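Take a look at the structures listed below.
Here come two complexes built around subunit A, the first alongside subunit B, the second alongside subunit C.
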Partner chain A sequence: MRQVFGNRRAIAFFLAPALLVYIGVIVVPVGWSLVYSVFTGSPASGFAFAGLKNFRALFADPTIPQTLWFTVKYATVLTVGQIVIGYSLALLFKFVLRRSSTFIRTLVFFPVVLPTVAIALLFAQLFAVTPQAGPVDSIIQLFGGHPVDWFVSGSHAFVVIIAMDMWRSVGLFAVILYVGLLDIPEEVIESARIDGASGFSLLRRIILPMSRPIVAAATIFALNADLKVFDSILALNNGGPGTATTPLNLYMFQESFNYDNWGYGSTIALLITGLSLVVTVVVFRSLRRDITKD
Partner chain B sequence: MSTLALVASTTSASASSSVPARLSHASGATAHGTDQSSFSILLTTEDTQTPAELQKLATTSCKTEAQAQPIALQQTPSQNIESKIQLLASQNNLPLMYAASNPDIIPGGSLVKKGDVLNIESALNQLGVANDMTPLALSTTKAQFQGGVPSVPFQMNIEGLFYNKKIFANHHLTQPKTFDQLLADAAVLKKAHIIPISASGSSGWTISRWVGVLLFRELGPNAMNLIAQKKASLTSARYMTAAKQVAQMGKDGYFSPGITNLSYNAAVAQFLDGKSAMMYMGTWLLAQILSSQDKVGRDNIGFMPFPGVKGGKGSIGQYPANTGSPNVINPHLYGPHAQAWLKCIAENYGSASLKDQGVFTGFRTNQPVAGLAPITQTIQKTINSAKQSVLWFEALFGLKANDDASGNAAALVTGAMSPQQYMGILQADQSQP
Partner chain C sequence: MAISSGRVESAVSTRRARVTQARPGRARTVQLSRKTLTRAIIGIILVVEIYPLFWLLTSSLKTQNAFVSQPLWTIPSKLDFGNYASAWTTAHIPSDVINSLIVTVSSVVIILLLGAGAAFALEVLVFKGRGGILFFLVGGLMVPAQLVLLPLFEIYFKLGLNNTLLPMIITYVGQGLPLTVFLMATYFRSVPRELFEACAIDGGGTYRCFFSVALPLVRNGIFTVGMLIFFSVFNDLLVALTFNSKPSLSTIQVGLLNFNGQYGSVAYGPLFAAISIVIFALLILYLFINKQIMRGLTSGAVKG
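So, the complex of A and B:
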């Protein structure tokens, strides 16, 4: 084996297919997009070199701070929810339900396999006020409350978006974190119990530190996915009203494909890439602590 | 829709290997191209009338043409049509007939520059059927496309207020002649717990058209041309008035409740189910009024012009008009078979559409159509007597302003956005080079 991995030709032979695919589907499009960001135009009208015009437009565009703030707010709230609720569910599966958790895990995971557009349409109906009041407004009215138009403002729509995406995705994180908990050796937990640790102290001193790597991975995974939110909001309310719930990804799509500003759309894509990179590094660094030092 | 065979046309379009040299023309190409084996069409999914009528013509008046070149139809939601057209154009792979966006097909537009847009006026002239396009359709098309005639006029629509005669009679209301009267009527209806006006937030143009038509009534038929020519600003006080009036109507609760996410179909159903009294809409609504969806009864629905504004420069007789969503012919695939199709459409489409769907088109009705519903007759008389047409609010807007006018309209009437913000966004979009 040592001989094989010491042989450069062998390394190239094994790596080449994966590397070629990676270059073809990741590196080339990213590079291509980077090049587009210094051009204006569209495929039909042709492209013209624009220098830094798109970058200047990015800083002058009043919609950018709004969409950036929404994206960060959405990703933060959703990620915290996904990790906290997902971790709580994982603890429930591991320590309370134990072997009988299979059915509950299947139920919790079920929304993950549903098409996003179907979920968005479902939530649009759940929170509808007209033509018929949806279940949520019906319950509000049942308790004497006034009907709420859930899509009338950005703050109202944000509640629906978070509820929808939480329901859609929390099952995935519950399962990922559950698998992480399964990796903690039973002997360690038993030893801790013998030493008198139980309940919250067991969680704080043993379970949480030992599951930090999987929590870190899940957090990075969640944040990056949430920063790139697109389809659920597009299908629910198209980022409305106005651009009040428009994330950067949707704004990039609109600029590129609805308004034929491929260059400017690529510049926004670059901003999203930068944002994802910064967030990943920050999260990775803050959670990459040696658990043996605790 | 369900009766239509959806055949992928883009693949067959690529079969056409010999693309003739491109000819650019200020308002569209006139070059003759090479026929495909099929009459490939790419339209929006929302356009149910045009494909249905073309399919019907293929089995009746245009049977010979359809045998020589059968229809191959593909449809895409209007939200995605622009990107699809852009990609197909960049691959020189556009079908014979396709739906396009206004800015791309006006003189100097990207598709015109590429030579992908046939000049319909010249084509009809060459085929000897220029007279089959009505003068109103020709003038409206030229106004709509800044002098060019890039689109086949499959519709001839005017816009105004459809109203429920029964509700009006029950509340002793008459057709309002002024905007103030309209507001007074809306107040009466609101008090009687009837939704005064149906409109859709997800199809926000059903709201933004109110801003536009008020501008035409207040400032005259040239109001939006001045904006397009950058000689006036939407944020100036005289333009702002219209946005303020529409915002106030929203504040007073005159539009559909829960308007923000209310779909176009739900808003139309609300009106046709008799739950609301009025709806500002184009005469393309006739197809739905005459179909089984109409719960109110077609005879209980009336059509009136949008009322005038006291002291305004516009008049009640100026109807916003259009020739339907643009349908363009690709000159590269415009061979003898395609020419035969266009000739047959010009000669027969007008009568067939009026007879089958009760929809008016930009083509003459060469065969008399009997047994028209009263509402159809009213609109026919109105179209025939219309002395002057105006465009609609977004007609001369760029793609972004068009989207923003519609996308922010619900926010304007729910108070989530101020009139200043609304008009400011549109003006900023328009000011972009």
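So, the complex of A and C:
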């Protein structure tokens, strides 16, 4: 037995390839990135040692608070939407449609597998104003409203971004939370019903508390993904107008490749890493405290 | 499960029947309005999910003239398939699809092989420090892609790998490993240890126990993780865009983005056709595998 499970050569055979790739692609570059952050320039233009200049620039750059605020606002609004609408859909699947929910579930999940660029280009056209008013503006006009030029102001573009990313991702959360609801034992719901709980009180006193762990996990998962938004916004409107809807990730990409400043780009990447670490820890702690309180 | 839910439904319906007897009028209105509400909600869901795709399809068949002269929501009076022909050639769709498939399939296969092997070593085999190594590997989940992109760019350039698809594949493998090792380790943990011990007692070596006992036992898990990695690699833009050096190496995502940048504001028809080719090709794939996706999501990973 020990020969089989403690075989050193086999352990190396199974473990070494994964470890080597992981160290080469993740661990070494993370350290390398830290080194970049005290330099300015790029491999093409040459590096110059800069000390803490990039970090000072980070605090002085007016675009940083703006993109940081946009990132946080986007992640908060989208996460709340994903969880609330996702949970509502999950309740609909489980308690209203029951066994006939398969078709709707399959349909709502479909956008999750689609390439983000295709969805973004489709939404850019749905909200278009040229060459003619797009379908969304046509609906607004139908109800007597004024058509909106969606991409000329940051607050209007924000609405389109949230609508697009909700459409793209809500199916994933609906299914994850639906699985959580399936895990609640039928006996618990049954006995609560016999005790007279129904509708809203059943939801509030039995179902919500019992699905709290999965909701917590889904929230952390959603926040982490949403804080790293990049592709959908890049393809929709490239963070415009100006930098009004630019998230940190896109700003980092633009600084590094459009302005050839890898040192500053790496410093922004460090800020992104710190932000997601802090948010994860805070959310994890507050949700865990909630769970132990019950 | 089925029996108990049947019991619940019968219990509920007897209760409902009792209520209906007592107050027939009110109960029927409540029942009726609930049904209408459900129908309305389902109607909204159907419109929100299907209309954009329907509109995409009809728009892709419009002539350039129809785009400029008629409201965008209208259905074309004459179907024009020319958009598909021009999208197919000017958007490099065939080569983009081939690149995407090469990159995605090879990344998924390598990630699964390396990840399952490492998870087997860390969860089933016995040696000092395996907990620490598992923690070290899974810690990679906290590293955002942005932090490693620039150094990798320089490394690949120095190794002379730019102008190939390898930088993308290597990067996806490195980024996919932490999640794969984490999930595969959970699957191996849920297998009763006696099965591995039986294999060892029957004289199977370590490799034999891995390939003929461990892997078949977690094949559902492998399928679920494989699908998860497949779609996240297939739909990635950040890595693909960073390491894209020339149009002939574009993936579908990068190709669509560049096509929109070059022609999107003038050639509406071909743009719609290009998006529509990508979306409806994936719809066909999805119709084939959605049952497995749902099964994978509703069992295993979450329950561990």
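FYI, the second predicted complex is superposed on the first by the 262 of 294 C-alpha atoms of A that agree within 3 Å, B and C clash if a C-alpha of one lies under 4 Å from a C-alpha of the other, contacts with A are read in each partner's own complex, and residues count from 1 in each chain.
Everything below uses one rule, namely that a residue touches a chain if its C-beta (ideal position, glycine included) is under 8 Å from a C-beta of that chain, and two chains touch if they have at least 3 such contacts.
Here the structure is a predicted model, which is why all the values come from computation and not from measurement.
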item	value
First (subunit B), second (subunit C), both or neither touched by A:55	neither
Which superposed partner A:131 touches (first subunit B, second subunit C, both, neither)	both
Touching partner for A:259 - first (subunit B), second (subunit C), both, neither	first
Contacts of A:154 with subunit B and subunit C, given as first, second, both or neither	first
Partner chain in contact with A:242 - subunit B first, subunit C second, else both or neither	first
Greater residue coverage of subunit A in the superposed arrangement, subunit B or subunit C	C
Subunit B versus subunit C as contact partner of A:117, first or second or both or neither	second
Touching partner for A:47 - first (subunit B), second (subunit C), both, neither	neither
Residues of subunit A that lie at the interface with subunit B and also at the interface with subunit C	43, 128, 131, 256-257
Parts of subunit A lying in touch with subunit B, wherever the complex brings them together	42-45, 62, 124, 128-131, 147, 149-154, 237-238, 240-244, 254, 256-260
Residue numbers on subunit B that touch subunit A, as the complex places them	79-80, 82-83, 85-87, 89-90, 104, 110-111, 113-114, 116, 201-202, 256-262, 266, 269-270, 275, 398-400, 403-404, 407-408, 410-411, 414, 416-417, 425, 428
Residue ranges of subunit C touching subunit A (in the complex, touch as defined)	1, 4-5, 7-8, 11-12, 15, 38, 41-42, 45-46, 48-52, 55-56, 59, 67-73, 114-115, 117-118, 120-122, 124-127, 133, 137, 140, 142-155, 157, 170-171, 173-175, 177-178, 181, 196-197, 199-201, 204-207, 209-210, 231, 234-238, 241-242, 252-253, 256-257, 260, 264, 268, 271-272, 275, 278-279, 282-283, 285-286, 290, 293-294, 297-298, 302-303
Subunit A to subunit C touching residues, read off their complex	1-2, 4-8, 10-11, 13-15, 17-19, 21-22, 24-30, 32-33, 36, 43, 89, 92, 96-97, 102, 104-118, 121-123, 125-126, 128, 131-135, 138, 167, 175-176, 178-180, 182-183, 186-187, 189-190, 193-194, 214, 228, 230-231, 234-235, 249, 252-253, 256-257, 262, 265-266, 268-270, 272-273, 276-277, 280
